[in-house]
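Each of the next two complexes has chain A plus one more chain, namely chain B in the first and chain C in the second.
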Partner chain A sequence: MTPFRDLSLWRQFGAVVLCALLAMALVPSFGSDFVIAFGFQFVTWIGLALSWSLFSGNSGYASFGHGVFFGIGVYATAAVLRHTDAPFAVALVVAGLVAAALALVVGIAVFSSPRFAGDLFGMITLAMAFIVVAVVSNLAFLDGGTGVFVRELAADTWIGESTGHQFVVGTAIAAATAGVAIATSTTRWGAALRSIRDDEAVAESLGVPTYRYKVLTFAASAGLAGLAGAPQAVFLGYVEVGAVFTLNIPLLVIMMTILGGITRWWGPLIGAASVVLVREALLDIGSPELSQIILGLALVVVIALMPHGISGAIPRRRPTATGTTTGTTTATTATTGGAR
Partner chain B sequence: MSVSSLALAQTLLNGALLGCLFGSIALGLSVKWGHLGVADFFHLSLTLLGAYLTYSLVTEQLWDPLLTLLVTVPVFFVVGVAVQWLFLVLRAEPFTTLLITFALFIVTESVASMVWSPDLLNLRPRLSDGFTTSLRFPEPLPQLAVQPVDLLALVCAVLMVGVSAWALRRTRAGRAVQAMRQDADIARTLGVRVVPITLAVSGLAASSAAVAGMVVSLRMPLSPTLPLQWIGIVVVATMLGGLGRPLGALVAAVVLMMIQNAWSLWFPPQWAPAVTFGVLFLFLAAQPVRRFVSEATASRRLA
Partner chain C sequence: MLEVRDLVVGYGEAAALRGVSLDVTAGETVSLIGANGAGKSTLVKALMGMQPVTSGQVLLDGEDITRRAAADRPQLGMAIVPEGRRLFKEMTVHDNLRLGLHHRAARERADAGVDLAFEMFPVLKARSRQLCGTMSGGEQQMVALGRALVSRPRLLILDEPSLGLAPMVVDQVFEVIEAVTAQDVTVLLAEQNMHRALSLSDQGYVLADGRIVLTGTGAELLRSDRVRSAYLGER
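Let's look at the complex of A and B:
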């Protein structure tokens, strides 16, 4: 059965589109200002977690650069709005393309050598974060150390009119990301990525073009993060390097994905929802340091106690050709457990 | 713009000595990454904690900075062993250990900011003149000045890196570590006691962070976000020097800091940190070329 004739795949696509349309219709018209703003951050984190997991969760290459791609999306949007009269849609496209282009260049270099696998890849993406921060904070065209006021620039556009419009755009991006995540869960593309995670050498010898898959998926994941950054620029109103490029973003995104689990495409979605809610609850403590400490220690505990995350702990319902329900679950856990 | 040769020499010397400090931070990272497979962000946090502990002991208990090592080195050894023990208990894969040390890195930043405040803390005004009066080279040599703290950094780096490099090469335990790196299972079969050695290496790496932290507290004002400023140079030096090769990391750190300092003489200094990563990316950019060349030669050999 080819994947796109798979009915359950279309059902999942349909469910995502339905949820997104419902959210777009209901939240901006009936929600209070707080609910809309919270909802916007909620869908942004979902988009970020799903797009990180698209590459890193599927292939097993942990990237610490996701915050960079998101931040580049924010700054690209700010720059387009500041220097041109182009509408927001153009800024959105530019944000996605610039982030994807950076990932493409980095990916082409890094993946060409098998030495830069695993933790070395993580370190390189972290180094990339620092170089991008240095570049952005020193180029007057982008920031130049003063920050950019996007609120005034976007004041008389559709997106700048209300937070509700930003929520609609954010939700559309998150839904598109979810669509890509669903596609990777059943297509050859996803299977190829997971074969890289399980054993890259074996995958390569069985004819999987691992280099091409890694480079293109890394770029796609970065592009989706860049898209998520575009409405964020308008939402923040004032954009500055310290707030946009924090290490919090990769930390939280990784935490969401680990918590939710990578064995199912919706794992990061569940993880993102839980972490955002917990963070909101921690705000009441009143000490950002303390809530940071709690989140960090929580990540350690989650890794120690739930290596497969929430979605990995739920048994699969649909039996497949290879075995019964329980048999498939153990087989999946065994493969992913062996790789990680 | 012309720069006098004396100024250039002084700048390069300062860079080299600061590079020694970064080299001694990179030592623990290089050994743990190369030989234990743990890319340890937390090592940088330990260095920061060592610096803050030195600061507190010197300002509150009025200890001599060098005496503080009697406390910090054993305490950090225990911490290093404990962290590695956690990894062993969890049977953590390299990816998992990376995530855990990353989480601990973020946690330490917040802890430091809660305990010691986010403000800059400067130990320098509290030090005796012996630490702060700069020394000059004797007469026939060019009139270069050296900070005593920088000399201390040089001595610590040479001692620690030298001893580690020698121990890895020449001692039985060092060879056991090398054997573990090549194949842990076979090493175990041949009688290498993997667990105690792993724990000891991690403990020693953490102890080196205590020493480096002492130098840091004398050398620069402390703030909880300092590790973010080091991480670039330390990680790049570790990678360029070759994982698990402390001497390579030290040399790389010295060279990188000299390049960075010389850069600031001619170009805007705010770009200097980017130079380090520029070197790394040049190194990375050479990889596709290398791959292409090696594949081309391999296919020619097959044909």
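Let's look at the complex of A and C:
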């Protein structure tokens, strides 16, 4: 795979791993309970924003179902811990797989029919959200209307032992999601996804198998959201439908992505970090309504001033006259690309 | 190389193409001229599998490709420069060019990769990281040409490559088309700028109201008064 010979790709992977390891080493050991809990939510939102934009940001098909995939991850984890003796790691894998499987089915159904192309995709994901909430509320196996006490179920496990451990898992998942986002920023897969957003018909004519890319990436995006739901189940302690499946999640994630911008992989990361920090800062004013209004106005101002979001407003490195910065990577990709 | 047999797109009075037949011989440059709305773009899209065909056939080297998916075109050695360029505007020049090599068959044919485009248009090299939407029309047309040519197509289809460009840039675009025709690439050029198109074509077809109304060599059509009346609507 040619793009993986690209040094800047490895540098970015390295930077993410380094940051994640530093956070895992420092936050749980030195942070107060409040800082650790805040840190957990911080990394969870970063993971959610990055996984949403993996599909929706890149392909342009806005999904309102991201909260469902996250919630399914939460409930799958609760169910595994409640009904089996399996360790948390198993629950984590199940959470990712169940969310990915649901997206796979929805994706195949929606993208097979040209009638559902474009804006209707968003409507369908919204409909899916309502159906899933109804199903989860009524299945005693999952919830049945009473909620699930995960805290007791996870009490004797490593993950349930401390919020610090939940933070470590959450950070690892966010870092993995960032890794996928970095990969899409430079690989042929990522370029193909973005070509769908800009002009799907032309992408087809260039031989991009748009259907396959849409279905598989939607599933991957949902799977990563499901993974993020697993530690969330333990963190919440008590899981109930009203709190887990809120429409707030897709809306906030969309807002984070628009704010951060989608022309660079780290746009949604910056957007998520900004929104979480601003929301936290606005808690002091004591009025949730007022803080929502301020946040909304801030978004409008940012879009007006920076149409490509925060990340898009930062100038790109330009190659010099001799092409030293990007010329080399371009040449590498080109020559090996031709040799394949 | 390319044969179009009685192609119809649309139905009855509203049909965009009403039975078009034409031949493109390998190695030749063939232009398709006609006024706005004559059906040039519809024909080009039908050839690329981007437009459903009502009846008729498109044959490439004798093989029926009428209903093959658009995504198969790179494998067939076809590439298009679409009308209005239709670049991926939120993407970099480099990513646009690389998408010309997305198909495995295109990568296997391409010897120089995206560097081919940088050789043809050195100005693009320094801008490989720029988003295409922020470039001038002429630069965008270079990227569109590059995106089609990096795959080393056997048959290049250009849809209105000079539309909306400054005269100097039009000169440049036609220089590139001439350079391409000098190689053994077969070119089908749909163009309103009939003088420029016909003067570099071996063969020309004049399209009006969804039908071929006149055909001949480029030189013949350039001299013909009927071309003017059929196409420019001059009386």
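Just a few scattered comments:
Definition applied: the second predicted complex is superposed on the first by the 300 of 340 C-alpha atoms of A that agree within 3 Å, B and C clash if a C-alpha of one lies under 4 Å from a C-alpha of the other, contacts with A are read in each partner's own complex, and residues count from 1 in each chain.
Please note the rule applied: a residue touches a chain if its C-beta (ideal position, glycine included) is under 8 Å from a C-beta of that chain, and two chains touch if they have at least 3 such contacts.
Fair warning: this is a prediction, and the values are worked out from it, not measured in the lab.
By the touch criterion defined above, A:A86 lies against neither chain B nor chain C after alignment on the C-alpha atoms of chain A.
By the touch criterion defined above, A:A15 lies against neither chain B nor chain C after alignment on the C-alpha atoms of chain A. Of the two partner chains, neither chain B nor chain C is touched by A:A243.
By the touch criterion defined above, A:V202 reaches chain C but does not reach chain B. Applying the stated contact rule after C-alpha superposition, one finds that A:R194 touches chain C and leaves chain B untouched.
Using the contact criterion defined above for the overlaid structures, shared-chain residue A:A155 touches neither chain B nor chain C, since it reaches no partner. On chain A, the patch touched by chain B and the patch touched by chain C overlap at residues 340. Chain B contributes residues 33, 37, 39, 90, 92-96, 98-100, 102-104, 106-107, 109-111, 113-114, 228, 231-232, 235-236, 239, 268, 270-271, 273-274, 277-278, 280-281, 284-285, 287-288, 290-291 to its touches with chain A in the complex. Listed in rising order, the residues of chain A touching chain B in the complex are 60, 62, 64, 108-110, 112-113, 116, 118-120, 122-124, 126-128, 130-131, 134-135, 137-138, 247-248, 251, 254-255, 258, 287-290, 292-293, 295-297, 299-300, 303-304, 307, 340.
By the touch criterion stated above, chain A contacts chain C in their complex at residues 188, 191-192, 194-195, 197-199, 201-210, 262-263, 316-319, 321, 323, 326-327, 330-331, 333-338, 340. Residues of chain C touching chain A in their complex: 48-50, 69-75, 80, 82, 86-91, 94-95, 98-103, 105-108, 110-115, 118, 125-126, 128-131, 147.
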